[in-house]
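Consider the two complexes below, in which chain A is the common component and chain B and chain C are the respective partners.
This part shows the complex of A and B:
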């Protein structure tokens, strides 16, 4: 589909995916420890704690799929995997917003970490749209 | 309106007439009831509840309140106005309408539970006296600037909210002592918590306060009673457990139950003396049902008291009557079955009489002897399958005690035999024991069990050697084959005249084999007759010389028993795996006037156990191998 002599993959997007992968692994482990801390020291109702932990696991699944399809789409210069990654960025941003604003207790550390995740989502969304536009324009030519 | 104008006028008069001391003393007496009324109104309107709840929306009006306190010349009037605006109209109207200037104190109102104070600017934990100024309490709203001028410090310098939040309101109180007159400084600021684990946002409101208990009334009483119904049910469930269940007391004897005797009290048992911590006899050991026991203990005996000691008397062991079953009064008397007498030179003689013999002390020169002393006691109890004792037998061994002996050794045994059964002794349990005869028998037809003779010593036998070595003199007497003992025996046979060779051979074979040579030998000492797989067949082989046509005379029989150790290394059991009998024959010797032939039998036990090998298993290894893309897409 794409011309063989031109490389259309976005290096900044790949760098962001790589950093986001490692950052999300660290974020996941820290969130588990923070939930342990809040469950032990704060008056946390059990139903709320279970809900927050289950949503964290869902967030893990969404993030892994999004990063996988984003990397595949970017490196293989395919529009469909990259489109799936773009579509999954919105649920990922919603999850980060939930943990930033709506969970039972939001610590300052959690606010900082979720802000960084939202920054990753925004940057990746922008670069993915640019890369998709590049792929589409080259197909047309 | 007229009643409200009266207190301010009095207070204004107080302020104007400060120069006249006599009038000041007289005026407070007249103003006291009005102050009391205001106190009641004030305490009902704003009660102080210690609570760290944060309420950001109520901060501003109280700040205005404090500002008014500073600027106004008549703070009491201002407080009254604020109380009027803050109080509930429904609460205020009943308190004001019945009030008249002459009434000293209205009745107390029973309103709803007071609302908690959560504003840090209005929260004052050192305000302990209502409508009075507490000393050094800078947050007390009852204090005037004149009171603040005599304070030396603030007892509570800061009032803050929940410290776990990232930002909270904090009220700071301090005394400015350098000013003239000294006055209080009050600041309300936002305090920042620098920790990264502070709570930025809290979406769970009930976490910041205690639960408000629900007061029962006629509307919610049924629901509250239903919610606490578990208490009633738990109290009611205790009733069935207190009921006593009538379980019947068992009257029959059970395994381990103590054998009761008909004594003066219901707690008397059949005693079986046993050694306790030392080898000395303890006479209080009761005998238990179906527990076969054998004890051997020593007893200190003084020769002068032998006639009075009960433990040496024969009647002491035969006089108790055992109850047939427990609790029911039916007795079984103990019958003496046999009495043996052991003399001083250790010979045993059986006494025929069944009478009770008593120990008697006799003097023989220098020594004194005590005869008829009990040395051994053996009880044999016959019981039924339903737990009753049918018979009780007693066997005794009596002896003589001499004065040089101070410790007497006694033996006590008790055995239980079930009614309708006959005890059969075994040669081991399960493996053979050394010195016991081998069990052997016949299998009449294939598929049936093994038939054994009841004579335990006559199942597998060999020729018995006698002093005269005459085969025909002791014809019929044979010796049993004992496990583990290699035996060789023989005899001589004198031949005279002309006897047919066939008849002689048959006779000699009968001498060697015996009347009934068995076909099978038990593998274990306790092999049962119906378990043919537990029996080993006897291989009977005949060896003869190479001469053909001539008559063969059997002269030797060799029995080889191969056995092995079976089972655990700590407790190996002897098991017979092979039995071979060889009959050796020789040609008939040349006829002569008188000939003597020697025949012999031999039994050999061969241990064919394989040696045990010690070893350890190798620890298992974990062969874990992950695929190269295990951490994709992260690595």
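This part shows the complex of A and C:
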């Protein structure tokens, strides 16, 4: 284990996880309302609407697991949870890209929100890689 | 008496044998000669018994002479042929088959060899019984390579896209190949400069190429009504290619759901209901009793008595009618009403009397006077329509009539003309097309002496066919024609007078020095596409010829004029080929003519000299030369002709590999790359680098 006097956790990464958690909760609720709006006003085929909503629920699951393991790995200074969080960042970015580009109807508000989510994913990925490097180097010594 | 009955019995027996003998005929092949173009052929041997032997012999043809057919050829010499004999009821079925099959007869890569037959042979099938020949079957073999069998895959790969996302006709308003359709913005043949002219008037909706329903929820939608405040944030900004209604034609059952919601702004299209009698070009003109009909020439050349008149289509028709047939029950022109926008139009009718019936009526009898039983016939009818926008403002009818006898027999020539004038066409001269010539329009010409407007002419004789009474009709573009008339020659005329008279007649047809190249060349400007008429072999009127001959023969009399007009297609406007004239040549032909007397040469008699004129249009095709067979394409890097395709090995960086859609190739490549990166990171390569670095520093 790491020596007692050394604190290796990354504070910027923890701040990003905290903000991302609250932001994603807001994003999820707003997306539900936006899908309601699109389903009522736009000529939305039912199959496309069901697909988009189901993928939103999957996105919620992926994001919750990613944030939990990231926070746990960072605070407990363990590499395995942080690695899982790094691996889950890619499907999360894929989901954000889908809602930004490949959705049936992309509103401008959705474009703005998904761009912010992609920014979160990129920043967290970079900081997680640095934190993993720090943990590995301290383990050897 | 007893001695006679055995003799009669013997005679009857002999007679019966004689009758029965012809019924047992020799065996024969049906058919006796076969031209073989497929690998298998069948024939029937009729009339043979069970012990007939059939054999096959390939014949060696020497210089086209068939050898004497011999029987009993050796079976070993059949070579590549297979002979099968199967007994049927009362006959034998003989089958000759090529042993090697179709693979032997495969065409080479060069196209020149595929035209030659690969098997040319002559086979002789013989039927024999006890070493005596009974029948022969001659088979001529000519088998060509079957290219449709060996070429399993076409070299021209037509990529048909997925119909759900890209219909095969993505541009429904693209109606003309290799030409820009006006107001069709999805037409790929339109140049950007040309598209700018009509970009604001594009066809909208599905038939304008927008297969997705138009949506006013898009950010780029140009809305005329007031948008709510939240529109900039909640407008749809995704491109139309992600529309769920792609392939609207393909699915068919999918229809947009326009459910009413709060603050929904939909366009209310105010449709203008125009009047029913609005005319477009080509529409039939309507009267209160139906179509407005005038006799017109059909495509087959005969006159249709009840052809509707089309709006803005001028025509000039000449119809020949039989005088014995009663005229049709036509409407009285005064009672006719033309239906148009804003009411009805009453035509103005003017009547004129025709003179000189000799020009109009061709009759086996003499033309009777109309004194005893008069009857009115219509000789000419001229209609002048004045139009404005989409309606007809007035109609002027001029009818030229004639009085003939009710019992007159023969045929009469009638003329009908229809002309459409607008207020803008005051004193302008008519075009024969804009800019190219239209078929059937007069060839435009002028004479430089005074710049007179004229055209080339042909005769239109009537009555007795004399030149003095023949009318002239213009040469129409694209229509080869020939006509003639008879010239009366007095016995006192000498040859010089005759030649001058004939030349004067022929020159009346070609009183032009220049011919317009295009249909809209300006008459006042000779440099605006006017071609000089080339006159060939205009003979002098008797300069080197004798005045008269002893026998009344006149050599070198020019009795025929040929007008040759070279035409070509000079481009296309909106897909319509524009034809123009390249050159015009007139040429005279001469004959030796002799005055023909009867038994005695009377002083007041006149002989007839036939004159003729012909027009021929010669089209010069504008075609690119076809590439010859000796041009070989470099196919080393052609992926469809080689088994190894080098660009495909760089998959997924290049797009040559088409086994999968390209997005899937990129996705799989990126997944592989991510797995590789993950594996590298999990091995902690930086630990080894640190050790190496620390060991290096220790050594120092």
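To be clear about the criterion, the second predicted complex is superposed on the first by the 141 of 141 C-alpha atoms of A that agree within 3 Å, B and C clash if a C-alpha of one lies under 4 Å from a C-alpha of the other, contacts with A are read in each partner's own complex, and residues count from 1 in each chain.
Definition applied: a contact is a pair of C-beta atoms (placed from the backbone, for glycine too) under 8 Å apart; a residue touches a chain by one contact, two chains touch by 3 or more.
Every value quoted in this text rests on a predicted model; they were computed, and no experiment measured them.
Colleague: Once the structures are superposed on A, label A:15 by its partner contacts, choosing first (chain B), second (chain C), both or neither.
Modeller: In the superposed model, A:15 contacts neither chain B nor chain C.
Colleague: Return first, second, both or neither, reflecting whether A:105 touches chain B, chain C, both chains, or no partner chain.
Modeller: Both chain B and chain C are touched by A:105.
Colleague: Contacts for A:80 in the overlay, against chain B (first) and chain C (second): which applies, first, second, both or neither?
Modeller: neither
Colleague: Thinking of the overlay built on chain A, is A:68 touched by chain B (first), by chain C (second), by both, or by neither?
Modeller: first
Colleague: Considering only the touch criterion stated at the top, classify A:133 as touching first (chain B), second (chain C), both, or neither.
Modeller: It touches chain C, and chain B stays clear.
Colleague: Once the structures are superposed on A, label A:29 by its partner contacts, choosing first (chain B), second (chain C), both or neither.
Modeller: After superposition on chain A, A:29 lies in contact with neither partner.
Colleague: Once the structures are superposed on A, label A:37 by its partner contacts, choosing first (chain B), second (chain C), both or neither.
Modeller: In the superposed model, A:37 contacts both chain B and chain C.
Colleague: Examine A:45 and indicate which partner it touches, taking first as chain B and second as chain C; both and neither are also allowed.
Modeller: It touches chain B and chain C both.
Colleague: Tell me which partner A:54 touches in the superposition: chain B (first), chain C (second), both or neither.
Modeller: After superposing on A, A:54 lies clear of both chain B and chain C.
Colleague: Which chain A residues contact chain B in one complex and chain C in the other?
Modeller: Comparing the two interfaces on chain A, one with chain B and one with chain C, the shared residues are 37, 42-45, 48, 101-109, 111.
Colleague: Where on chain A is chain B touching in the complex?
Modeller: Contact set of chain A toward chain B: 21-22, 25, 37, 42-45, 48, 64, 67-68, 71, 101-112.
Colleague: In the complex, go through chain A and note every residue touching chain C.
Modeller: 34, 37, 40-45, 48, 83, 87, 90, 101-109, 111, 133, 136-137, 140
Colleague: Residue numbers of chain B touching chain A in their complex, please.
Modeller: That would be residues 164, 166, 195-204, 207, 633-634 of chain B.
Colleague: Enumerate the contact residues on chain C facing chain A in the complex.
Modeller: 213, 215, 217, 219, 232-238, 242-245, 254, 256-259, 261, 264, 674, 678, 682, 684, 686-687, 690
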